[in-house]
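Presented sequentially are two complexes of chain A, the first with chain B as partner and the second with chain C.
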Partner chain A sequence: MLTRLGPLVTILLLTGPIAFGLAGTVLPAFGFLPVLGGMELTLQHVHALLSQPAILTSAAISLAAGLVTALFSLGVVVLFVAGWAGTQLFGRVQHLVSPLLSLPHAAAAFALAFLIAPSGMAARLISPALTGWERPPDLLVVHDPMGLSMMAGLIVKEIPFLLLMTLAALPQVRLKETRTLAASMGYGRVAGFLLGVWPAVYRQIRLPVFAVIAFATSVVDVAVILGPTRPAPLAVRLVEWMNDPDLSMRYLASAGALLQLTVTAVALGLWMGLERIGRFLCIVGVEKGVRLRRDALLRGAALLAMGLAAGAVFAGLATLALWSFAGLWQFPDALPASFTLKSWMRAMPRIASPLYTTLLAGLLATLIAGLLAILCLMREEETGRRPRRALMLLYLPLLVPQVAFVFGLQLFLIYADLLATLPALVLAHLVFVMPYAYLSLKDPWHAFDRRYNQVAAGFGKGRWRRLALVRLPMMTRAVLTMGAIGFAVSVGLYLPTVLVGAGRLTTITSEAVALASGGDRRIIGVYAFWQMLLPMLGFGVATLLPALIFRRFRGMQV
Partner chain B sequence: MTKEGLFLDGVTIALEGRVLVSLTCRVAPGEVLTVMGPSGAGKSSLLAYLGGFLEPAFTARGRALVDGVEITALPAEERHVGILFQDPLLFPHMSVAGNLMFALPESVKGRAERMRHAEAALAGVEMAGMGDRDPATLSGGQKARVALARVLVSEPRMLLLDEPFSKLDMELRQQMRMLVFSKARESGLPVLLVTHDEADAKAAGGEIVRIGE
Partner chain C sequence: MLTRIVAATLFALAAISAHAEDVHPSDWQEVLEEARGQTVYFNAWGGAENINAYIEWAAGELEKRYGVRLVHVKLEDTANAVATVVAEKAASRDTGGSVDLVWINGENFAAMKQRELLFSPGWADALPNWRYVDHENKPTILTDFTIPVEGMASPWGMAKLVFFHDSARMDENALPRDADGLLEWAKAHPGRFSYPQPPDFIGSSFLKQVLLEKVEDPSVLQEPVVEETFEDVVEPLFAYLDALHPVAWRSGRIFPQNYPAMKQLLADGELDIIFAFNPSEASSAIANGELPGTVRSFTFPGGTLANTHFVAIPYNASAKAGALVTANFLISPEAQAKKQDPAVWGDPTVLALNKLDEEARARFEAIELGVATLAPDELGPALPEPHPSWMERLEEEWKRRYTAEN
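Here is the complex of A and B:
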């Protein structure tokens, strides 16, 4: 039975690469790496790691990045939802923020960098009128040693993610009723939401929050673009060691990956401590009956933060686009002196091959993930069971730091002589696309009226024909949206692409990040533009295609 | 094949050990068996059992035969059990004729021939010439009639009716009752009607079984 294979393959796909990858990462840390003749267990590599200059500073930056990013982005999202959910403005902001979800992290980071750098758009707009700057000031805004701009880059990307996760959880609580009830007892909007609704919502989005922490503690692309350099965050240094031509550096990299796992685990542990404090404060708030009736300031601040986060990315993206078409553009001019297609022409020959790889890997990974997701959902209906524990597995690739297991996976791919091949790249992408494909298809799948299936079965149609002729056509929009999300995830993947592609298979994202150190803004602008464009194209297809195919049928319009 | 009608042979449906339905009876071709009971009594599970869609949480014993064929031994798509629900459930991505041609048995070959069958079935419910329409543009009564034509054209062994009139307004309801039951009689189909409307039962005119009371 084909559907029985769905969950099986999915579970293998999610656990296999992670289990083997972790083993391939962790064992060399203790000296076990038969390829290089490492057969005895030793702690010498761990010692070597700890004697690396400022290694603990790197670890501390990573730890702080995880906690600060999660705290800030979740804080903004909670207060925004608490203060504004149900209003007209909320809907508008939601529409504004949603497209940012599909934007690759690297593109958002570039956008922010182009905005806040000393010679960036923000400085140009206020110079020289307000600042007197005739030349870019010598300030370390981007790459600041504490990693603040890196955290900002992460926060602006995680806010849309957590907002959409929260919105998905909201229908399961009685928001309107609880609001009315709380208001009738004299609670302000924010207090009423936090004390009455939030605990139930948070339970639903806890895993996504953990995923944010795991990602932020081990991020590489955003860190390369915005993060500190001396020392760099842990994961960035790891990747340097991993790519070192001296193979014995693999031991050091493995020991480093072990430290990365520890950092992420500690960050998650500390977060659970924060959760306890939050729960305690909630209980105190309830028992004291904290009304917080005058919360206008708080609501205003939440709205401002939300607008600022989204606005910064959009302004940055506009700046990126400008740079890609810019001729001469001197500081402090707010606009280029001339526009030209030269950068696009110059990038064209090099961009073709990464573009092709991006499309191919993204489409294949999405296609396979979509098929598996559908098989899993069909199987769930057959057995009538909703797998809770298997759902945890879905989050596994998002909770284990990428750098800690993809590095080990690379080792197995070298063994199998599959490194830098398309199948390996697709497999690596699939691990990360699968969770999003399943999660985005799950709700629409369950929402489908199954009586249509029963009607069709009565007409003698077997399950596959019911799927192909009734359910999938009726769910075209949901399936294509799932595809657009999966494709966007694949386009945005940096680290798995770098480690599995090994520099020979490159995508738009891996090339864009590689350009970051070069500092050619025009070419970066072109690459970042593509990064932005590809996911948008996916969503464009998902919106327009069903409208076009089913234009005759009103029941198929939104 | 002899027309023997529907025979429910010791059909027992239970949920977590609690017996919801226990039934042995015969429904002659063209006759209607009405099953009545409060919601949650197991009416829908009886239909799901006969249609082949009983949720795995339920357990069922016994068997159901139509014209001597044990349908409960067959997969859902080989039972040829026509169902009408409260909602017409026309496929929104097919035209009215498309809906009917989808239901038409494969033994009817050739596009023109299939089209002719579909048109004839539409004419049988006073919907002649409406084949090209988008189902979403039909009125409630028209949708109900297309749904009826669609189930009849699929040449089912029997009909299951799951409160099919409850969402229609009073006048339409009476019309549809007459239409459905007369069509079933015409085609010699045994009908199992599930409802909580006494008027449905009266209009059906057949045996009434009450469950869950």
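Here is the complex of A and C:
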């Protein structure tokens, strides 16, 4: 009975907020918002939107950000996996990159900003010795009008994501055998992988790639920190309108959200076109017998791009940490003139409350998501069906731009008088934590050796006791990893926190981004440090606790 | 989950119906009693660390002395708090509102007053600590941006537009003496001046400063905008900006987000002249290690903008008594003296020193204003703020012209 409820509740929790949210967003776009007296359908708000200055430029930036981010990060990942999978170096890079997955987008964006700004760490290290710069050059790097630094900020975060998704899909293809076969036919490593293995792998990671596109076309936090300002990307302007004191701006914001949906859909459509071109090129490559035997340069470039992406974030994070302890630190000094704990001491009392909210919302959302994921997986096992279509539903929160439905959801929460309450915040986080919880638990769950269950059943243990006494203890590692991933997702959420928390419930991430405009690098350093620390703590627990529990069980050690 | 939502809703409804009656500061004892245990959501711009820290201190004192829990809702723009109250009024949420106290002045105060979103009738001049307030000599305490305050907002601090430069990099004698001088200086030093992107409050204030200097007849600015003549009146301002942008920081292609961002840029050596609304901003930043000790202040001899900033209570606030206690505490000699200390915030007081007792006055006189703070008589004349409609229209016009690069 309970397991039957699992999938039902999950589907309701995922689709409910999205459906209501979209309705609450889309209807006002056509003039329907009874509370403001909007009762008749009209296109005037859409017209008003289109007459906003440079609105199409904003949309174009968003569109470009989606496609460029996906293309670039996927390209680096593919070439890197193609060129290096199976080597020792591959394993090392993988270990280097994985922790970045749990880093909130905003923290990565801050890291990059601290590194590449004209007064940033990179310029300090080479100045004045190499450049002759006694003062920062007047160069437009961060907030550049084309959004290149924003795209870079997205790319360094999406590379680890797509790499791990690819790695999860790799076991399902026969990499080694295909490699050997391709090599025996004279293909280089890259060509052999691309033509032989990639099509099957890509099918598995298609939805994650779509999620990257949807996220990048509608991102707010990274755009605020690194993105263009004149005009800003579409989603950033949307959030501004949503907060405008003039209530009639709600209609405009809704019309804008509609445009955002269109932009994301167009980006996804264009991407599908690119997919076809890619397939065509592969077929042509096969027919022409392109073997790319001398691909050392390509492989080197892939490795370099991978290392650069990860290295930039790590260097940026180190700079952030340094700033949080810095006294006066003038350009072009590579190190602060003095170190002080002042920023930490000033910030700590104010961090307590957001920290508490972050922990509470994160843990509750992860707990509920974990329970639901387990119920869903148990139900799958009972029925023996692996629902393909339901999996699409799971990706829904990742494919629909956040700004398009969380805004409408906010309207409903205002009516229900639930805005800025913990249950509402947990619900909003749950929508985004749920997919990751399920996806990360799915494979280990199905990989579990069911004979343990049969043995336990033979001893007369019922279903729930089997779960509690045999399966969950044996799966401690997988369950805790799921928890760490879910928690990390919750910590990193910006827009749902801002719109549902309404400024009264704040998390470390929403506070950090709010500080971004103030430019006090020391305080940003402290907040970003916490952003980095919290997910790491989660993964630390997920690694250490099983090791501690299983220290006497040799069969359970890794 | 569902039961929790139902429970939360019921609880919220119960909480709303419990606070039907309004309080008034004339019966202060009753205010104090009702305030005990209340949570006050103070909606205040949260972009400056020293101010956040000061509010944190005030929260601690209020809890200790009056049992009032002050929560700082950090805003990026005060307009957001106005938006919240407007939305609540539209949804007929006339009690139990989510904003209890808001840091406000200018067009936001005008908007709230005009839409009758403020707790009224006037209460500020009935606060016990009002007797220390220098409303006789500081006219902006009673009239905010030409709008009569009528006790619907309690003064918190005084503001005056002041410029800062690093004396290690710049010659005292080369400092500009008015807006035109500033433009000439910027032309001679491309990339070293900028202003926060409107509608940032300080950025919009810079527009008003230039407009006040360049307009033919400044008296029109004291009246609401007349649409027919608007274009002509602001023409000199936008001509000025068109000349300034090509020689501004990043060639005017982007602008700093607010004045703390400019402070960082001055420290980095990207900007040479910055400005703020707080005369002790530089001293405060030097004390915090954000700016080098060589930074100094200057103003225009012809005068710069000056105003007062306030706290106000929305008509539907949940914790009116708590908000009154907070407003009263914020104008207590102790809180005001602490606020004026550059090591804390450095915001000038709204109190009259000659109204204070010996001990309180000593507290103010003991404050080290810091090397970078001008003495009151060096601050130059105060220019009156234009009618708030000018700020709104200027911001709109700025957006129309400069939202996109072309």
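Everything that follows uses one rule, which is that the second predicted complex is superposed on the first by the 558 of 558 C-alpha atoms of A that agree within 3 Å, B and C clash if a C-alpha of one lies under 4 Å from a C-alpha of the other, contacts with A are read in each partner's own complex, and residues count from 1 in each chain.
The criterion applied here is as follows: a contact is a pair of C-beta atoms (placed from the backbone, for glycine too) under 8 Å apart; a residue touches a chain by one contact, two chains touch by 3 or more.
Predicted model only: the values in this text are computed from it and were never measured.
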First (chain B), second (chain C), both or neither touched by A:R504: second
Touched partner set for A:P473, first chain B, second chain C, both or neither: first
Partner contacting more residues of chain A (chain B vs chain C): C
A:Q454 touches, of chain B and chain C: first, second, both or neither? first
Partner chain(s) touched by A:A369 [first = chain B, second = chain C, both, neither]: neither
Partner chain(s) touched by A:L67 [first = chain B, second = chain C, both, neither]: neither
Touching partner for A:R135 - first (chain B), second (chain C), both, neither: second
Touching partner for A:R463 - first (chain B), second (chain C), both, neither: first
Touched partner set for A:L22, first chain B, second chain C, both or neither: neither
Residues of chain C defined as touching chain A within the complex: 1, 4-5, 8-9, 12-13, 41, 43, 46-49, 52-53, 56, 71, 73-77, 79-80, 82-84, 86-87, 90-91, 98, 108, 111, 190-191, 197, 249-251, 253-258, 260-261, 263-265, 267-270, 288-292, 399-400, 402-405
Chain A residues within the chain C interface of the complex: 35-36, 53-54, 57, 118-119, 134-136, 138-140, 143, 145, 228-231, 243-247, 326-328, 330-331, 338, 340, 342, 346-347, 349-350, 353, 368, 414-421, 423, 427, 502-504, 506, 511, 514-523
Of chain B, residues touching chain A in the complex: 48, 51-53, 55-57, 75-83, 85, 87, 89, 91-95, 102-103, 105-106, 134-137, 151, 154, 156
Touching residues (chain side chain A, partner chain B) in the complex: 382-385, 449-463, 466, 469-470, 473-474, 550, 552-556
